[in-house]
C-alpha cells in the first residue's frame, strides 16, 4: 500500500530548503580535536547532504538557500553544481554574513562531537521574499530542515516555502535536525517545530527531537503512538521515530508501524547517518517501494556514509546502496 | 442564523492576550504635539481596551500579558483590577523592560497621530511558558492581537495560546491591529499574521491590514471576497473587513455579507474606534444576536469612544450603548 | 586668585555636548506615580539644563547634540532656540531613534525618583563626525556630561569634542552626571569616566560618583584629597566634590579647599539642584569671582530651581539669583 | 643613544594583551581558497605571535587574554604553555563565545588574503576587571594590539591595562594591527586608537594605519614627520611607520629618523611579517641595541617567517635570526 501519492508531471523530483555550510573534518582521527592538526573541507548541512544524496540516486533536484559572498560560499555553489543540483534559488548574501562551519572531532567510532560556528551564518539570512514560488510549484517533494527555523529571516522563509508547497501540492518532508545552538530556548523551538510539522506529510526525527517538540504537552511515557497520533490529526501520512541503536520505526495513519532490518558497517564516525538514511528512505518512498524496503535502503545508505570520512562526499549512488545490501546479505560485510 | 457556537459551561467569557501599555493623551488638543504642554495618562493597548470594554458590558474577563516592574506597570494592573479583569496571568517583567507608551496628537477630529515608545516594551517579553493553559481552558473566547506577534518571545506566547485555545475549544478572535514599528519587514509580518489567522474563527481588520497579509498572494483588485474566501478554507467563520468611512462588512462561510448602519457622533478623535467596535461586535455575537445587530452595537460603542478624550476609560456599558442607539434613532445626536 | 584662565576673544562663552531629553513632571505631587494622572512636559537633560541656565545668565551659548525626528525633538529645538542657544550643531536623527524621557515622581520634597526611557535614545546617536570643530574652536568653555559617555557613538563624539577643545584651548568642565541605566557595568563606566576626566580642567560630581570612578583604585577611606589629588596630576585645576546635605567642597591644585555657605529654600523637589548649581558656579568662575562667591551663586541658583516645578524652565536669571541671595541675607526666606 | 629606558628588577620581560585565535592555513597553496581542500591549524593573532616570538628569543613572557571554552581554546592554551608563556591571566570564557578564526588564502607570494571569523570571538570578551594589575606591575614591557580595541568589553580591558602599565612604569608598545571587520566605523576606530596611542612609548604601524588614525586631522600629504611629531607631544619615544616595500622608518623624539637595510627571502606568503618584525625590533630595543640594529634584526626575523607556512610556529630563535643575517651577508640567500 502506498502512503504517499506524488503529484504527477512535475519537472523536479526534490527540492530542499535550509542550511548550507562547511564541514571541516579532522584528518587525524581517534583523538581529541586539541591534537588534530589538519582538517579537510566538505560541503555540509543536513538538507544539503540529503539533496546531494538524492541527486546521486538520479533524481532531479534543486536547493533553496543562501551562501556567503566569499570563497567558502563559492566552493559550496560549485560543489552543488557539479552534483547537478539546480542553483537558481541559491542566493548570495550581501550583508557580510559568513559560512556556517562544523569542525568534527572523532575520538572513536562512537564518540564524535561537533564544534559549530553559527554566528552570523549566511544560510539563516534567507528571506521569505527570496523563496521562488515557481521552483516549489514544479517539484514533487519539498524537504524542510529544522535548523532553518532557528532564526529570522530564515524561519519565515521556511514558513513561506511551506505555504507554496501546500498551494502547489508538493509532498512535504520535515527532517527535524534539531541543534540547540542558535535557538533562544527549547520553548521557542517547540513552538516553531510544531507550527511547521502541522503542514508536513512525512516527519523524521529522533525520539529526543520529538520529546523536545512535546515541551508543552503531556506524553510522560514518551510513547511513539501518542507522538505519531498527534500528527495524523494534521497533515502527516508517515512519522518516523528513530531510536538510535534500537532502530527506526515508521508509523502510518492506518495505525500500523513498520520496521526494517539493519546492516553491519565498519564505522569510522556517526556523522551523516541521519542524512543518508533520510535520503535513502525518501528515495524509496518516491519509487513506490514499501516502507520496509525504503527503510532498508536508507539504512544501507547510512552504513556506507558512516564507513567513510565525509558526509556529503560519501553519499552513494543507488547502485552502490543495492550492492552494499547484497554484500551484507552474502555475509561479506561485518561490523567493525 | 448563528455563525459561532460558544462552548458551554466555561467559567470565563473572554480572555485576551497581548499589548498592555500607557496612552498619554494631549490635554491641549487641536494643535501639533509640539505645542501640547500636558498629557493625561490612561491604560492603553488594543487588547486591553477591548477587554475593559467586555468587562464593562458585564462579561467575566481575564488578561494574559506582561507589565513592567515599575509605577506604570503597577498603574496598569490596578486599573484592570478595578475593572474586574482577572489578573492571574498578568506577569511582572524582571528584565528591566519598560511600559510601552503612546503619546497622542490630536490636530483635528480627523487628523490624529501617535508617537510610540515600543523599544524594550515589557508586553513583548511574555514567554510561551508563562501562558497559563488552565486559564485558556476555562474561557469561551480568546482574543489575540497582531501587535503581540511583532517580536519574540511574545510572538511564541501567542502561538502557544492559540494551541491551548484549539485544544480546549475556545472560540478565537483575531484583531489584526497592525502597527509597522517593531516589525522588521512587511514580509515578516505577513508570514506570522497568516500563520495565526489560519487558526482563528473570527478575523477583524481593515482592508489595508488584509492587503499586508496578502503580500505574497495575488489579489490585485483587493477583493474582499477573495480575502475572506481564503480564510473560510481554514478555521474562519466570520471575516470582518473595515473600509473606513465606507463602513465594515462581515463575510460569512455561507457566502453572505452583512452590513450595519452607522451612527452620527461628535468626534473628538479617531483613536479607540476599532477597539470599541471590536468589543461591541464580539459582545453581540456572544449574546447570539444577528451579525447586523452586533455590528450596529459595535458602531455605537465606537461613537461613544471617539466622542471622548480617552480610549480605555471611555469604554461604555451596554446600557450606555443601547441608550446611544436610541438617542440616535430619536434624532437627538447629530454629527459634529 | 584665579584658578582658571579663559581664552580671550572667542565668540561664544559656553558650549555643552550631550543629553537632550524630555522631562514629564507629575502635576499631582506628594504621591506615588501610580496615582499621578497628568504630566507637564519640559526640556530636560543635565547639559541642556546647564546651557539654558548659562543663557539666562546672559552668556552666549551653543549646544552639540542629537534630537529625534519627531514632535518631541522639534519641541526641544524650539525651546532651546527661544532661549537663544545656538543650534547649528544640534543634529536631527534619521535612524528612527526616539527622545529620551524622564517621568518624575515626587512623593515628598526629599523622596523623589525618576522613571527613565533611554532605549534607542536619539541623543546617544550623535557621531564623532557630526561634532563641529569650528564651533568648539570659538568657545571659551566646553561642558561635557557623563551620560553622553554611556553608549556608542555618542561616547566617541564626546572624546572627539574633547580633542577639539584641547586643540583650540577651550576650558573643559566635566559634570559627572552618572546614571546607571544605559551603562553595561560599573567597570565600563569607570574606564570611560577616567579617560575623559584626564582631559578636563574642572570636574564636578558627588562623592558617590567619584567613588564609582575609583572602582579600580585604592581609596578605602573615600578621601576627597586622594580623589582630587589624582586629577591635578592630569589637567584639572578645580575638583568639586558634593556631599549632599553637608555641602560641596572645591579642591584646587594649590592644595586648598573652598566651601560656601548654603541658603534656605522652600523645597518642592530635589531634581535640577545639580544642574543649576553647576550653571551658577561655572558662571561665577567665568566672571572671575572667587570660588567661594561662585559656589554661593551656584547654591542660590539651585535653591530657586528646587523651589519650583521644573528644572529647565525654572533656571533663573543672574538678577534673580542675586535677589535670592539678598533676600536670604535679609532673613526673608526660610526653609520649608 | 638609548631612546627607551626599561624599568629594572622586574620579574617579567614582556606581557601582551589581546587577540588569541586560530589560523587555518591552506595546505594547497598558489590557488584560490575555493580549490583548497585541507587546512593546517596554528595559533594566531598578532599579539600572540609577537609573544611567542619574544619567548623564543629567550625572554620571560606572559599573556593577558580570553579563550573559548572548547577544543580550540584548549589548543591555544596548550601551545602557549609549551612555548613557556605564563598563562595566569589567560581567562576561559563562560558565555559560549568561540575562538576567532583566520583562513588564509595564498594565491601567490604577493597575493594573499584572509577570511576572518570574528563574530562572538572569545578574545573580545575580556573584561577590565579580569586584567591582573599584579601581572602588569611585574613586567618591563606591555604590548597592546589594535584589534583588542575593536569591541567592548575587550576595549575597556586594554584601557585598564594601560592604566596599570602607566601606574607601574612599564614601557608600553602599541602594534596598531588595524583590521576593519569588527569595527563599526573608521571614525570609531580613530577615536580609540588615538586615546590609546596617547599613553604609549613605542608605536608601530603602516602608513595606512596612521592615516586611519588621522581621520579627524589635517595631514594632506601624509607626512611621517607630522604623524610622528604629534605623538612625541604625548608619551611616545619611538614611532615606526612602515612603508611596505619601501621599508620602515623609526622616528624619535630628537627629530631623527632611522632606517635599516632589508634582506632577501624566498617568500611563501606575506602573513606574519609584521608580527615577526615587531618581535625582532622590540627584542633589539630591549637588549639596548641601536634602533638600526634592532630594525635589522626585526627585518631578518620577518624574512624567516614569510619563508615558511605558518606565522606563530615559524617564529625563530635569536640564534636563527643571527644566522639568517650572516647567511644573507655571505650572499647565501637570494630573493625568490
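Here are a few things to note about the model shown:
Chains: A, B, C and D, in written order; residue numbering restarts at 1 for each.
We adopt the following convention: a contact is a pair of C-beta atoms (placed from the backbone, for glycine too) under 8 Å apart; a residue touches a chain by one contact, two chains touch by 3 or more.
A quick note: this is a predicted structure, and the numbers were derived from the prediction, not measured.
The most distant chain from subunit A is C, comparing centres defined as mean Cα coordinates.
Of all residue numbers that take part in the contact between subunit B and subunit C, over half occur on both sides, making this a same-residue interface. Per-chain CA centroids place subunit A at a distance of 42 Å from subunit B. Subunit B and subunit D have centres, each the mean of its CA atoms, that are 61 Å apart. Centroid to centroid, with C-alpha atoms defining each point, subunit A and subunit D lie 44 Å apart. Contacts with at least two other chains are made by no residue of subunit C. Contacts between chains close into a ring here, every chain touching precisely two others. Here the touching chains pair up as A-B, A-D, B-C, C-D. Put simply, subunit D touches subunit C in their complex at residues 127-129, 133, 152-153, 156, 159-160, 163, 184-185, 187-188, 190-192, 194-195, 216.
Within the complex, the subunit A residues that touch subunit D are 24, 27, 32-34, 36-41, 70-72, 74-75, 78, 98, 101, 103, 105, 115, 117, 119-120, 181.
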